[in-house]
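Please go over the structures that come below.
Paired with chain B in one complex and with chain C in the other, chain A is shared by the two complexes that follow.
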Partner chain A sequence: MSASARRVPGETRARPNFIWRHLIEPYLYISPALVLIALVMVVPLVIGLSYAFQSVVLLRPSAGGWVGLANFAQLWGDARFWRALNNTFWWTFGSLVFQFAFGLGLALLLNTQFAGKRLVQALVFLPWAVPTFLTALTWSWLFNPVIGPLPHWLAALGILSEPFNILGDPALAMWGPITANVWFGIPFFAITLLAALQSIPGELYEAAEIDGATPWQAFVKITLPFLAPMIAITVMLRTIWIANFADLIFVMTGGGPANSTQILSSYIFTTAFRKLDFGYASALAIALLSLLLAYAVVLLALRRRFVRI
Partner chain B sequence: MARRTASPLLSTARYLALAAYLAFALFPLYWLVKIAITPDQLIFTEGTRLFPSETSFGNFAKVITQTDFLAYFGNSLIVSLGTAGVTTLIAAGAGYAFSRFDFAGKRVLVGIMLVTQMFPLLMVIAPIYKMVAALGMLNSLTSLIVVYTAFNIPFATFLMQSFFDGIPRDLEEAAMIDGCTRFQALRRIIVPLTLPGLGATLGFVFTAAWSELLFALMLINSNDAMTFPVGLLTFVSKFSVDWGQMMAAGVLALVPSCLFFLFIQRYLVQGLTSGAVKG
Partner chain C sequence: MKKSVGLAALVGLLMSTAAYAETLKLVEVITSPERTEVLKGMVEEFKKANPGTEVEIVSLPWGQAFEKLATMVAGGDIPDVVEMPDRWAALYAGSGQLMSLEDNIAKWQYGGNLTQKTLDMGRLAGGKAYMLPYGFYLRAMFYNKKLLAEAGVANPPATMEEFMAASAAVSKLPGKSGYCLRGGPGGLNGWIMMAATMNGTNEFFTADGKSRINEPGSVAGLQFLIDMYQKGYAPKDSVSWGFNEIVAGFYSGTCAFLDQDPDALIAVQERMKPEDFAVAPMPLGSAGKAFPTIGFAGWSIFNTTKSPDKAWALVAALSAPDANATWAKRVGVIPIHKGAEQDPFFRTPQFAGWFEELNSDKYVPTTMPTYLEQFGYFADSIALETSQQALLGDMTAQELADEWAAFLTEEYGKWKAKQ
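Up next, the complex of A and B:
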């Protein structure tokens, strides 16, 4: 570090500095992060991948050994896997669509001046700070037909024929965790989209207004194109997070009734920790990971094509 | 950033929409508090009443004096503060390097960090369990801190990078030309400017660690080392679902993460504005 310190004003960067600045110094700052990521994420990930090709059943050490693609063959014929895959799709996109729509709406509302804005902004973001397990417990309570208010209110509004248990009805149960997830996830979209909105230069709108653009035209021609990069990245990240996110389902319905809310990641969890079959759980996890990677690749390609910034 | 003076009709509609959303966002939290302060014998009979006819803080008293939740609270506090501190320190270094240097392997590293956001946690949970068990570190808060830190680093790094990107390079370059080492320039100029960024990252990681359930469930079995979320889950079986106490404990769990979050959310928007959008 002393070499760079002694630099005389106006001196150009010398050759040894190049190696220092491009190979050594940045890695000094990054190495703690890299070491931890390698040890706690990459190494276990490789081990986890290898489980998919083995028979790993905890409490039954004799079950060890390589089994090739047997776990994947089992997966192909597993009706619960296909059911869970289908549920994952509804869970993920059901949650995502509402989170995004409400999040964008909220961001647009908050991107204006009004009295008490600071307080309102802090309060509407609060659900994001609520621990997941608490979100799940609270919403299970709200949905409970005996002690919770929602079934009664829905029945009073005529949406439900009588105050019955939504979480216990295979046809409707998924709406329970989705509602909780939407509630929890709106602030994330609102925060990130609000940040993006605030970076749009105000002059653009003034110019558009002088040219006689309607608010809707300004929204479509200025706001949306500027938001597009942020939308692309947040939608991608959130899709992946939601698809992997089993906590709400785990606490609210445990995958039931009759597997109607069992998504892939909760099925993986059950397989690993109830049946202790880590080999099959890893095969399931690889299936999920492959789907998510494919989704990310498609989304990134679309982004390159349609997002101009 | 008021763009134009809105018509009275539009601004009324705006207030109504905000009020409706505010009600939706706060209603479940209100209900949580309501159950916690309703006396036990009324919880079930007044389940659907908006306001309880009587209130009592008995459940809070019971949770604090008759259960181990105070200890769980302490454990969670240690784990979350430890994780937030260590993660922010490490992520600040990495974020600074990503923001200021153009170095060999940079794109690959960014790619790896993105992919870590993508794989199912459950894939690594069993290997991590075995590794921690092999080290004899099960039931230790330290191992939880290490694992949480690793998992929070990628996002925290991107966050810190976006904060650093918002600080002009000229500032520290000027200081270095004036004879500061990079370290001195960092300490005297960059760190003070990025305090909001450090605060936001600290808060974000704190809330994430505070609510983590899966790893805590896996790596902690002893009552002594249990964190709050695990404690709440065991409440269901251990104490035959005493809902009032459980919700009181839940309200207690809400306090630290909400305080942290209220403090940081302003900086979060600021920080994302400054950098992330340009990327």
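Up next, the complex of A and C:
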């Protein structure tokens, strides 16, 4: 027991140092966590960012050095970068729209009561459990006219002139990985939106029904506003994930034919691990990071503006 | 006291096992389950002959091998012995990471039995034998006898014109195509071969260091493949075909011609009757010559190894005539020792095409300029993208040739500057 703990009766109870209590002590308590976060997140991030301003070629460490903005100047004039950026947009947008539409539909369906609902629910979530590598391989075989049924069905429906592999056609190749990605990504929206749907109070619908609202009005005036916060956050997360998600493309088309399915993240991979140019790859990564950050900021601002809950 | 004695004993034990059980790390990069089994068997033999030496085999799947090995090496997890494909040799030899095997080969009992080609290829990157090749991949033309007969083509094509005409004839059959074109990964060999054959030379660079790929003859060679695809003599999706797809295209009877190495023979023989196909030499160009590409892979030792003698002993064991013959038969390469073609295994009609190419002066085996540091990137990324653009009509043969020439000339300049 220290002497200070035992107070003499009647002693003035002076407030301990204000600076110590409010500015130093709390931060000492959380400092282990701060140090840990700095070590595992900030340090690698800063090192990664710093590569963009250097020449880093993996097998020639001696040739490295600071090059200023040279990597970014190269990026500006790089036709492959602009092409990959354009592809990234279509890949993300195409996958997201269908994933969201089907996911929402499925969630609405699963929110009703029908026989065998539990089984359907389990099946619906299955794609989420399949490794992406396997998903990609399976879909690429499905698109192969020698052994897969899809080209023959598409030809029979008149969508294709003859059964051929769309993965080999630059105008259509992107639809291959997008299809696989839609199949893979529906459960995410279905799960999260179903959870949000189940939290909407039933009385609201009853009241609406008494007031004579049509099902469409109930959907637009009750369901959508209640789902909006969840939609905003899931769409934002999913956009970022899809934009960074090159596994399906890598296995199904390898970015080809003729770069028609190369997206930014697969281009970053090629630059880093085939060209072994980590400096330029890092500059590309910064471009992608900035775009996604800007997107997230815009989406969050929109959410604050339009979503009232 | 007791504690410290126990600790000393433990340290002693650890040190003694470290001294006795020497472990060599062997990385193989062109893998398949069967191939790894063969390698394991050969390594077992080595371990029996060298008690106390352990060998840890790391198998990297070919698709990701390049970046995995590069990352391993950059991260300090450097193997002792590595299977080195020709196209990476310059990268590692150029950065001074490989051990020269010259002295070891000179002292080796089988050193004098190696063919001159083996030694030349081993020295291709960096001038010294930084690898001991284990065999060669030489291109020749597989053809489907049944399809040719149906299309009314009597003999396999001897010239490029006949090749185009025969492909056109087969493509008239419903659902069939002439040529299993490799437009996807690994397609560069085909482009280079056609360019050299039409240009009448397999020199890559002129005396003043310019790439010859955009000379008119070479451009005609590139145009040849573009025509083949655009006229429909190759399947529509062959624009993205890699090795597995072209071989499957051939044995499934989808297309009648396939230019490939002996390693394709393994899969083809399993699925086709010997009387339904054969292998002819590559068709000749206007100069009366053909330039089939020859590729190779071998064993290299990293100079960071702690036991260079043991590592060499392992390479020597894998490369001894008996072991090499076993390996060559199982992985589909042409062996490295003199007199190997006398082996009954290689004296079949299927192998005739390759040995005719090796023995006739009409055929000049062509090595790719793998000594250029960025060659792997050129072959796997730049050439792949741009050749697909050309096949699809987004780029002319001349534009394709000019783009390649610019890259190769610059890389050659860098290489020259270092010599």
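Criterion: the second predicted complex is superposed on the first by the 268 of 309 C-alpha atoms of A that agree within 3 Å, B and C clash if a C-alpha of one lies under 4 Å from a C-alpha of the other, contacts with A are read in each partner's own complex, and residues count from 1 in each chain.
To be clear about the criterion, contacts are C-beta pairs under 8 Å (C-beta built on N, C-alpha and C of every residue); 3 or more make two chains touch, one makes a residue touch a chain.
Since we're looking at a predicted model, the values are computed, not measured.
S.K.: With both complexes superposed on chain A, which partner does A:Val298 reach: first (chain B), second (chain C), both or neither?
M.R.: neither
S.K.: Which partner reaches more residues of chain A, chain B or chain C?
M.R.: Comparing chain B with chain C, the partner touching more chain A residues is B.
S.K.: A:Val146 in the overlay: touching chain B, chain C, both, or neither? Say first, second, both or neither.
M.R.: In the superposition, A:Val146 contacts both chain B and chain C.
S.K.: After the superposition on A, what does A:Ile19 contact: first (chain B), second (chain C), both or neither?
M.R.: Touch partners of A:Ile19: none, neither chain B nor chain C.
S.K.: Would you sort A:Ala207 into first (chain B), second (chain C), both or neither based on which partner it touches?
M.R.: Neither chain B nor chain C is touched by A:Ala207.
S.K.: Applying the document's definition of touch, where does A:Arg118 land relative to chain B and chain C: first, second, both, or neither?
M.R.: Only chain B; A:Arg118 stays clear of chain C.
S.K.: With both complexes overlaid on chain A, does A:Leu237 touch chain B (first), chain C (second), both or neither?
M.R.: The first partner, chain B, only.
S.K.: Using the superposition described at the top, list the residues of chain A that contact chain B and also contact chain C.
M.R.: 58, 146, 273
S.K.: Residue numbers of chain B touching chain A in their complex, please.
M.R.: 1-4, 6, 11, 14-15, 17-18, 21-22, 24-26, 28-29, 31-32, 35, 43-44, 47-48, 50, 90-91, 93-94, 96-98, 100-104, 106, 109, 112-113, 116-128, 130-131, 146-147, 149-151, 153-154, 157, 176-183, 207, 210-211, 213-214, 218, 228-229, 232-233, 243, 246-247, 250, 253-254, 257-258, 260-262, 265-266, 268-273, 276-279
S.K.: For chain A, which residues are in contact with chain C within the complex?
M.R.: Contacts found on chain A: 58-60, 80, 145-146, 164-165, 167-170, 253-259, 270, 273-276.
S.K.: Would you pull the chain A residues touching chain B in the complex into a rising list?
M.R.: Against chain B, chain A makes touches at 1-2, 4-5, 7, 9, 21-23, 25-27, 29-30, 32-34, 36-37, 39-45, 47-49, 51, 56, 58, 102, 105-106, 109, 111-114, 118, 120-135, 137-139, 141-142, 144, 146-149, 152-153, 183, 186-187, 191-192, 194-199, 202, 205-206, 209, 229-230, 237, 240-241, 244, 246-247, 251, 264-265, 268-269, 272-273, 278, 281-282, 285-286, 288-289, 292-293, 296.
S.K.: Along chain C, where are the residues that touch chain A in the complex?
M.R.: Those residues of chain C that touch chain A are 66-67, 70-71, 73-74, 91-92, 95, 183-185, 236-241, 248, 252, 254, 374, 376-377, 380-381, 384-386, 388-389, 391-392, 394.
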